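What follows are several structures.
Here chain A shows up in two complexes: once beside chain B, once beside chain C.
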Partner chain A sequence: MSLDFNDETFRGDYTFKNSAKAIKRFPFPFPEDSYMYSVNMEPHVPGPVGSIFEHMFDVDEHYVAEMRDRAQVLADDPLRCQSLPHMELAGWDLLELIMESKARDYPHWFELHKDGNNWHWINKPLQIEQRFTFMDASTLPYGPLEYITRQTQGDFTLQDQRDDDLWIEAGMVTTQADWSLDFDIGMSFKQWHAPVPLAGQMGIFDRALKFLLKLQHGAPVRRFNWTMTVDPLLDTSPENYPKWGPSKTTMTPETIGHRQHLRVELQTLHRLPRSNAIVFPIRCYLIRFEELVTVPKWARRLHRVVRDIPDELATYKGFLRNKPLMLDYLAQFDDGQPTSLGFAPD
Partner chain B sequence: MSVGAPKIPVVVAEVVEVNELIKRFRFVRRDGAAMPIFSGGSHVVVEMDDHGTRRMNPYSLMSHPADTMGYEISVRRDEVGRGGSLYMHNHVKPGMEMVLSQPVNLFPLDARAKKHLMIAGGIGITPFVAQMAQVETMGGRFELHYSVRSPALGAYVDRLQQHYGPRVHVYFDELRQQIDLKTLLKSQPLGTHIYVCGPKGMIGWVHATAKAMGWPDRAVHSEEFLAPPVGLAFDVQLAASGKSFTVQPNQSLLEAIEAAGVEAPYLCRGGACGQCETEVLRCDGHIEHNDHWLTDDQKAANTKIMPCVSRFRGAALILDR
Partner chain C sequence: MTKTMFEPSITSRPVYGVLSPGVGSAHLFVADGEGAEAVCDLFAKAEAAEMKSASHIIYMPGANGCDRSAALQALGVAQFYRAPSFASAQPRLAKVLADAHMGLQVYAAGTEGLMAQVATAAQAAGLPYEAVQMEHRGSLARRVQCVHCKGVTENVTLDPFVCSHCGLSLFVRDHFSRRIAAFQGVNIDAEDPGLVPASVERFK
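Up next is the complex of A and B:
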């Protein structure tokens, strides 16, 4: 493995870790000392050099290891990637979007050469070289969605738009915060959001759907979501709950700093040009509490957010049980000093 | 939250007189870059500077969706309208610089359809030209039934028949030819979706006939852009921006808001998409709701207005904008 990418695991011996550089660019999701739902969407425009927003699809030091983990999840459970028959065109749209973005943004790692529909794709980090015919799935080892998302960090869902609604009808989901593509596939926007507490009554889904139905090609948007995960496990799926669920019961004051992770999702939404579908990439970033508290502002703020969060939300996010342990750990880094507005470290 | 995608600066590459009523315009990017690929059924909003009056009219794209070298639209001359089509016909020449919006699709094909049955009247043919090209590329099944006044006014009839052969059926009003809709709908395979674009009467006829024959509502799709109607001048007050002005007879409320320097959201400018929906804070009078967006109850309540096509008569109208 080259110097650019970590040799690490997200299972078994859990050797995942963030370098100092990765901690500095971590997408800390709380702009203020408290948290409540909001649609909180903003244009997905390029951000500062080095930040996770610098490029359309962020490729970081965990890339190669994450792709290795995805291949293992798929080998164990092929239903983590599904595409209903009418979604293949959207899969091609996504393949094009990712290949063009990566070849433009990371030319030292990725190359895309086109001669009409004869495409030549080079992925140096994963040592892949592929010649294929665009829009002819028989020339790729997998369908277009599976092919490109085996080479791209983050989960992906594809939503068809019809009858004034969005329908989740294809996806690659192996790094999810406890939801299942196999269960949700074919659902409408409000159906697949039904388990989320409080937000429905707040009218959040009405507003979000209305906004998304009008999402324009060329104007992607983004938002953050977050939860808590014990151990750096990417695949916290309902399918595997018996394997990872019980780990929450094994936390102690001695292990919490090392084993408890803040899990942040950078969610973006893009209108796709040929299919008029919407792609929803959900990119997961993990940081252990020990790593997070090296940034004093984040340590203070996370303590206040966890302390003040309503129990319904802590339950939904799956950490009510360990909230007291988290607070004991985080409190030692909160001296009560005011924090500045915004995400950035002081 | 903004949905604004960057606009596309273009130059007019070609103007073709298709027949005595219709002209076709081709636009290419000023910087020579590729146009975005689009999905069949999409429209763009064309911005015009009509001698000081800013007009923004939506037109369906009719070029091949995969043709990234340029976009084509067809414009039917409307002698009694507010002047957008007359401006396009009389003043837009090759070499002129104009501005287009990004494509938006409010009339998409249903990707699950086993067959696409397209019914067009007159200038309503344009979205289907792009959709047929896209379906053909994908190897999908479709059939077009296209009703026009006369052979002389049948835009693109020859071209479509030549290219698509027996999949294109043309009906000339002058020759008393009519789509036999009941027989047509009776003979479709399961999983067929119907699409209709044309005059209001035709759209209503297709919806009503299909419904009476037991077709599910969700298998029948239509698109009707309204041209903003002309009307009497009226005064309006904008509470949030603190502006007051008069909307002129041949100006839409949305255009007047923009002319006053107030940013307002929009996508279709034809009463269909809902993007420009605006809260009404006070209404002493009667709102002429001309849109397809608000429900009948919402229209009766007079608490919302679609400024792209709707107008007002009365003493005072105050909007939350």
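Up next is the complex of A and C:
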């Protein structure tokens, strides 16, 4: 493995960690000292050099290890990647979007050469070289969605648009916050959000759906979501809940700083050109509490957010049980000083 | 309006109505248990009289023992078939749907699991989901898929219950998949193995 990428694990001995550089660019999701649901979409436009927004699809130091973890999840449970038959075109749209973006944004790692429909893809970090015919699935080892998302960090769902609704009809989901693609595939927008508490009554999904139905090609948008995860486990799936659930009960004041992670999802939404489908990449960033508190503003703010969050939300996000332990740990970093507005460290 | 009152706020659950005579060249009814009563109510309407000669009823007694075969047979429709279970009726249902011509009307009545499976079979034959009229009658027992082993347990009345395939204790999440025709079951003691609360009869 080259020096650009960490040799680390997201299971077993959990050797995942963030470098100082990764901590500095971590997408801390709270612009103020409290949290409640909101749609909070903004244009997914390029951000500052070095930030996670610099490029369309961020490739960071965890790339190779995350792809290794995904391959293991798929070997254990092939149902984590599914595509209903009519969604193959959207898969090609996505493959094109990712290959073109990565070859443009990271030319030292990725190359895409086209001669008509004869494409030549080079992925140096994963040591993949593939010649194939665009739009001919028989020339790839997997369908287009599975092929390209085995090489791209983050979960992906593809939504077909019809009857003024969005239908989740394909996806690659191995780093999810406790939802099942296998169960949800085929559902409409409001159907697949049914288990989320409070937000429905608040009109969040009505507004979000209305907004997304009008999403334009070439004008992607983004938002954050977040939850908490014990140990740097990417695959917090409902399928494997009996395997990872018990870890929540083993936290102590001595281990919480090291084992408790804030899990942030950068969610982007892109209209695809041929299929008119929407792709929804859900990119997971993990940071352990003891890494996060090296930024004083984030430590103060996370303490206040966790302290004030309604129990119903803490339950849904799965951390009510450990909330007191988290607060005891985080309180020592909160001196009561005001924090500045916005995500950035002071 | 539906004759069954459901608890509110399960947005992934279908909304059920009342069967009414459709306009079509043929009529296929699939019902279980008390669903027979919805079929009889439909045929009690004057405009349904001429449908009988083009109607096919597939019926199975409910898991609760409710068997209204005699009432359905007495309707005198062109074809009446009593099956011991939905699974046993599936080959026949698939054949009827595959042989159907334009204009077939499909009706499902009875338990939620039965209706969802009829809709799934109809979709597999190329009909849209909305093409199946549904009326809930009888038991609120749920059909539940274990999210862990993917096995489906039929006629779940208790919450939590034991998965009939993998043996885990599951709570029933209020989340319904039309594709799988089932609610979602999630291990209740995943975080504290062995700590399973007493079951209550939540779905009668």
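Everything that follows uses one rule, which is that the second predicted complex is superposed on the first by the 346 of 346 C-alpha atoms of A that agree within 3 Å, B and C clash if a C-alpha of one lies under 4 Å from a C-alpha of the other, contacts with A are read in each partner's own complex, and residues count from 1 in each chain.
What we mean here is this: a residue touches a chain if its C-beta (ideal position, glycine included) is under 8 Å from a C-beta of that chain, and two chains touch if they have at least 3 such contacts.
Computed from a predicted model, the values in this text were never measured in an experiment.
**Q** After lining up the shared chain so the two structures overlap, which partner does A:307 touch, if you call chain B first and chain C second: first, second, both or neither?
**A** neither
**Q** Which partner does A:211 reach: the first (chain B), the second (chain C), both, or neither?
**A** The first partner, chain B, only.
**Q** For A:242, select first, second, both or neither according to whether it touches chain B, chain C, the two together, or no partner.
**A** second
**Q** Considering only touches as defined above, state whether A:124 meets chain B (first), chain C (second), both or neither.
**A** Neither partner.
**Q** After lining up the shared chain so the two structures overlap, which partner does A:274 touch, if you call chain B first and chain C second: first, second, both or neither?
**A** Touch status of A:274: first partner only.
**Q** So in the superposed three-chain picture, is A:68 touching just chain B, just chain C, both, or none of them (first/second/both/neither)?
**A** neither
**Q** In the superposed arrangement, which partner chain does A:187 touch: chain B (first), chain C (second), both, or neither?
**A** The second partner, chain C, only.
**Q** How about chain A: which of its residues touch chain C in the complex?
**A** My answer: residues 79, 180, 182-187, 190-195, 200, 238-242, 245-246, 248-249, 321.
**Q** Quick check on the complex: what are the chain A residues that touch chain B?
**A** Interface residues on the chain A side: 39, 41-43, 86-87, 89, 135, 160-163, 210-211, 214-219, 221, 273-276.
**Q** Of all residues in chain C, which touch chain A in the complex?
**A** Chain C residues touching chain A: 9-13, 145, 147-148, 150, 168, 173-180, 184, 186-187, 190-193.
**Q** Where on chain B does chain A make contact in their complex?
**A** 1-6, 36-39, 41-42, 65-66, 102-105, 108, 110-112, 134, 137-138, 218, 267, 273-275
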